[in-house]
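Note sheet for the following structure.
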Amino acid sequence: MNAPRTPLLRVENLSIPLPTGLDREFAVENISYDLHAGEILCIVGESGSGKSMTANAIMGLLPDYLNPSGGKILFRGKDLLTMRESDLEQERGRSMAMVFQEPLSALNPLMKVRDQIAEVMEVHGERNAETRDRRVLDLLEYVGLPDPANLRDAYPFRLSGGQRQRVMIAMALALEPALLIADEPTTALDVTTQAQILDLIRRIQKAKGMGVMFVTHDFGVVADIADRVVVMERGIVVEQGLAEDVLNRPKHPYTRRLIAAVPHREAHDAKAAAEGDLILDVRNLRKTYRSGGGFFSRPRVVNAVNDISFTLRRGETLGVVGESGSGKSTLGRCLLKLTEVDGGQVLFRGSDVVPLSAGAFRPLRRHMQMVFQDPFASLNPRQTVGRILTDGPVANGVSYADAEIKARELLALVGLETSAFDRYPQEFSGGQRQRVGIARALALDPELLVADESVSALDVSVQAQVLELLQDLQRKLNIAIIFITHDLRIAAQICDRIAVMYRGEIVESGPPEQVFDAPQHAYTQRLIAAIPGLHWNPRLAVL
Amino acid sequence: QEAPPVKGGALNMIAQPEPPMLMVGLNTQGPTLYVGGQIYQSLLTYGTDLKPLPSLAKSWVVSDDGLTYTFTLQDNVKWHDGKPFSADDVVFTADKFLREAHPRWRLIATTYVDSITSPAPNQVVFKLKKPFSAFLHAFELSSFPIIPKHLYDGTDYRTNPANQTPIGTGPFKLKEWKRGSYIHLVRNEDYWKPGKPYLDELYFRIIPDSASRAVAFEKGTVDVLRGGDVEGFEVRRLIKLPEVENTTSGWENYAPLVFMQMNQRSMPFSDKRVRQAIMHAIDREFIVKNVFFGLGKVATGPFASTTLYYTPDVPAYPFDLPKAKKILADAGIKPADYTIRLMPLPYGAAWDRMSEYVKQQIEQLGFKVVIQGVDAGGWSQKLADFDFDLTFNFTYQYGDPALGVARHYLSNNIIKGTPYGNNQNYVNPKVDELFGLAAGAVSKDVAAKAYTEAQKIIVDEVALGWLYEMQNVTINRKKVKNLVRTGIGLNESMDEVWISK
Amino acid sequence: MMNFFKRYARNYGALIGLAILFVVVVLAFAAPLIFPVSPWQSVGDPLLPPSEDPAFPFGTDMLGRDIAAGLAYGARVSLLIGVISTAVAVVIGVSIGALAGFYGGRVDDLLMRFTEFFQTIPAFAMAVVLVAIFNPTIVSITLAIAVVSWPPVARLVRGEFLSLRSREFVQAAVVIGQSGPRIMFTQILPNAISPIIVTASLMVATAILTESSLSFLGLGDRNMMSWGFMIGAARTMLREAWWMSVFPGVAILLTVLAINLIGEGLNDAMNPHLRGRKG
Amino acid sequence: MKTLDFLFQRFVKAILVVLGVVILNFVLIHMAPGDPASVLAGEAGAGDAKFIAQLRAQFGLDQPLYWQLWTYLKGVLTGDLGYSYRNQVPVMTLILDRLPATLLLTGCAFVFSLVLGILLGVIAAYRRGSIADSVVMTSALVFYATPLFWIALMSVLVFSLHLDWLPPFDMESIGANYTGWARVADIAHHLVLPTVTLGLFFTAVYTRLTRASMLEVMALDFVKTARAKGVPKAQIIRRHVLRNAILPVFTFASMQAGQLVGGAVLTETVFAWPGIGRLMFDALLQRDYPVLLGVFLVTAAVVVLVNLITDLLYRFVDPRIEAAS
């Protein structure tokens, strides 16, 4: 990195104002940074900090009603902001390309993979169809897609998320651009797939010497791939520098806060939970989904929960981890009888709840509560927080007056002001809403709490607060918790035991240190190897 | 001025609506008779003065006691398929076919006819059980079309394939029927009137929309418009076109007369004064002028003014709202106590307008009126079941009061099951007696006297609320000659019609 | 709420629509005051062209009835039938859609086949047949329109229920032990209400069009003056008296247009995209 | 296999719908007031019980109800939709006579409205916010709110009676007896007004739909991808947006086939177009229930058929269908 070289991309004092009436004046304000050829620049920051906005501004993909009010974006010395649209079109796809977050929707559903990739070459002057075709084949092979000859004639819906993201990358690489912008390209993917894609991007970048701008909110990813880092907070660049420095010696308090919140398993203090009473005993639980199928074709059968057994004691936290689709949520839903169970027993306090009818089970529900994933979707937008918190006790025969007193206590317990009682969920931030969700579950004094990805939708710093709250509550109330997550690091941080699920089965279970440090099952091993930023220990950062 | 007839040419007319079939023995709807009248014929026809005229019967004799009718048939008449026509066909028609298939003939035959015989191949004799002054009026095309025995005897009449290929004795034969488009008839070369018909071809065009029918006439695509082919307001416009003439003649035998039927089984209509008041409350001139575009004439009583035995010398009911109200007040009737169900005749826009008008007028007397929209089926069923308060109806007179008029007033004709009887429940023994007397009279004078007296009583009691006599206008281009000659108008065999060059 | 009105008021067309509808509603309510004589009553010479006689600014028809009076009374019929039939359709549609969407499975299958059946068969032809067979009265017309117009509501509500049912807050309600019907009414329905309102408002417009079409074909209630009836009666007189058909047509057009504008305004104002997550 | 399943399901569904309509029809026939026999007898001017009984036997009205339903079903299967008492012709004959005219009219109106609607919708979406957009969308709004029969009447008033450009009634010049191309031209001349008036409402519908759909698709991520590839705007619209946006318009349009028939009743009535819509109106005036219900059944069947065909076509156009469900 020799400084005098003109950078490949230079963002200079860029400001993009937001339409009036939104929460802040500028989406990004006065930001500046450089990106050199042959390096990976990571842009990190919490949701809404303006990461995507800068990326889109560079590509000239901002919506019509958002216009930069000042600054320059110099690409190889030319200001992209003053360039004519037709000239910009020439640059896009040829010298700079972009990969988006959501591989599902970023591909045209009605166009074959081959045509979508070939189109880049076509619009940039490659007239020979045969050449294009050959190149498509090469590209597909290059990004590591299996059976490219057949796959190129597939429509996107046939591909998995990871495959689609590879197609997107192939498309971006088609003309070997000098600049690749990747906006959270792995956020929607599994850890294992994420690791592969990160690997691919790194490999390509090395091979082609591109400049890569990589947007992410995951410090693990930063640690894995970044040469340099830009940290953004609410539209402002608060810190930038070499990855090494920023990760291990963060200067700005915001950066420090972010890093401090990164999950870490060391924090786990092994507590003696094994003595509590047995509260849940699951034996050979089964759940099979059947869908499609008809007169001439067989239905698709998914053994989402396949012969699962485990036990849980009061005050214990069981982490359930596994990749997407491994059946974690289904397991949770079966336990709470949110879905029909196909076989096995769920002994709750010694008696089997599986055979109970919905009506007979309803009185038992108050003992088993749930905290949901999406704090926006899990609260009825038409009800006040008070109503949300009192509905449960009222449905279980508590008088409204008592329920209200309890609700106000709970608000205090989860760290919200009691004035929240009369407000609507929309008036709260994500973290606050998740607290409301937890309070709702606690309103019924449950003995078992199922938390399904309860922190996945939250930013790291908020995530840390909520995790802390959960742990705190468990200590106070001595509840048993089943904590479902796809993030091994989080599970390791707060669970007493971890069960790893793979294709509907628990392939391995034990205390976190055992699962983490001496994984037995090959799948667990793969899972752990894929965790981004494994070599970097945020605990060691100088905070 | 009268140029000699010339032969040849095609006459374009309209069949509206398209007739279901042309077999007049099985279907007596207007268009069927219109087209079928050129193919089938009857024994007699009737002049505009309603006097019988020869058709397939060349002459006829009535015995003095009025019980024996002897018809002598034309010579050399052949069916369209070449088979000779004879008295056997007439006997078959009268005794078998029409008795089974034709309700009006069946009634006459069972009530009056004793026997039907053919003493000679060209003679038919009807012997009656009792005298029937109207008997000679029962031989018009719609009542008594002659059916070929050789095609129908011993078959199921309704499913007989010959219904699709009608065979008659008339001046024209069916050549082609393109459904939805036209019916094409051609000259019958073997017609029994020598040298006739003059015309080579007849086209009956099917034009479903009334506005297009008017345009078709304007443009010269058709030469003749029959009454009902176009809307009333179009008539006013079309008759003013150059080279066009019109006549209201040709409907004397039918003389349709429109009336209100008020159910006299219960109040308010069981009170004659209410009926009288209502007659005064309705401006019948207004109806004729604004609803039916002047195509009619206010009716004075049960007999159409163009028919036999009509007398204008009956009580009159001029439009006079105050008087109507006074009649009710004098009678001590509180109209507000009554809600009258008005059931319009579902025959189209003009009839709807009339219902709306009548409703308004009766409401002005203080009655409450609700219009009870029904369809044709519902209308005839409700009327036939006596389940109505007030409705409209009209009757064809068929030349003689005994055939078309008396049925609405005779107390022995209060029969459930038909909309065309004495459904309003009018009962007056004196009237029964007078109609009986007239029908059985051998002498015309006796009949006339009885009918005159009956009319006076009926009108005074407002047995029905007569509104107006429909006037159907036939419009044609002037070049079409001899079009309307008789009282059955365009249903008449067009064997004398010709087109000037 | 304030926000809602503000958003609505931003929409120019929606305001115009509201203004027009306001006039029509006033006209409907005030009809007996402005025109004390029945609209069926002959009050002038037949077939007076508009503005020939200042007493009849819109002219008279073939029976000398005041077209203006007909327009005013017709507004009552249109609005009445439009609103009631929509209400009935919404009740049917919401019930069926809610049951299907909430319970899913067999119930859903059955109800949706039923709905599809009604959606496939030609709606207007069906309305014609129903009214013809049960005789045109205000009740049969209203019901016939309702019977042919509920399926979209059912589908909409089912869709909403289906997606809301799997939403986490509904599962939360299950978990805290609320009963099925209670969840349907207190958790799901309030969240599905705005699309229902928007759809319903647009359905009123369609219902008015359908009613006028039925009346035009002679399938109106014979005791009520309606716009479609006026046009139907005037049809044969097009050449002689254009005003008899032009004015009622304009009345329908304006009313339906107004309601559509309002519906779109409501849609924009309630649009979940705009509402977003920030309240 | 999936395709077979799909075909099978769609056929069963279509047949069930038609069967449903048949049964509905039968129920309605029996709800109709007025026993056909007494109606007929009434029209024949006589109502004696024997005559009515004879008619009842003739039309099978004296059989038990389930037997009548069975007979009716059997009849429908063999194309017998009953008998028009009024016209003395089998209902099927009447309908088959008139069906081609209606198919011609609705077909033309369908194509007209779809082509014009999509065109205008695309223009409006492409030039969103421009004057062209406002003009198109305002007129769409107006035509969407205008009663079809009234547009028809007004166009007769203006284009036929006033300007005398186009014939106001019928499908052919009466009695002209053209043949060959002259006849085609004549019919086309007559077709213009009905097609346009019937089509305008649907044009408005499709315009609005296309525009909305285009805007929706234009906001989707893959459009952004295309822009990021450097594809020019016009090509994005053509290649990426249009196809995705038009599919829902097509689906909707095929579902509208039933509506089109409803419109045809009104249009044919005004223009005296000799189709089944007109037949329905005539049957309505005369309350000829067998014809009314026959027309209803046939239109329902045609609509089901159209939907079936679109569904099948759709399978080829949209690759995703196979994956769904």
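Letters A, B, C and D name the chains as they come in the text, with residue numbers starting at 1 for each one.
Throughout what follows, a contact is a pair of C-beta atoms (placed from the backbone, for glycine too) under 8 Å apart; a residue touches a chain by one contact, two chains touch by 3 or more.
Just so we're on the same page, UniProt names per chain: A = ABC transporter ATP-binding protein; C, D = ABC transporter permease.
Note that the coordinates shown come from a computational prediction; the quantities given were computed from them, not determined experimentally.
With A-D and A-C as the two chain pairs, more C-beta contacts join A-D. As a whole-number value, the distance joining the C-alpha centres of subunit B and subunit C reads 47 Å. Rounded to a whole number, the gap between the C-alpha centres of subunit A and subunit B is 89 angstrom. Subunit D has residues 32-33, 285, 287, 289 in contact with two or more other chains.
Annotation for subunit C: residues 132, 135, 218 touch two or more other chains.
Residue positions of subunit B with contacts to 2 or more other chains are 211, 374-375, 378. Contact between chains, per the stated criterion, is found for A-C, A-D, B-C, B-D, C-D. The residues of subunit C lying in touch with subunit A in their complex are 167-169, 171-179, 182, 186-187, 190-191, 277-279. Listing the residues of subunit C that touch subunit B in their complex gives 38, 40-42, 46, 62-64, 132, 135-137, 218, 221-223, 233, 236-237, 240. Those residues of subunit D that touch subunit B in the complex are listed here as 32-36, 38-39, 41-49, 51-52, 58, 84, 86-89, 93, 97-98, 168-170, 174-175, 272, 274, 278, 282, 285-287, 289. Contact residues on subunit A toward subunit C in their complex (touch as defined above): 22-23, 336, 338, 362-363, 365-366, 368-370, 372-374, 376-383, 391-392, 395-396, 424, 426-427, 437, 440-441, 443-444. Residue ranges of subunit B in contact with subunit D, taken from their complex: 12, 17-18, 20-21, 27-28, 103-104, 106-107, 158, 179-180, 182, 203, 205, 207-209, 211-212, 215-216, 219, 221-222, 346, 348, 374-378, 380-381, 383-384, 415-421.
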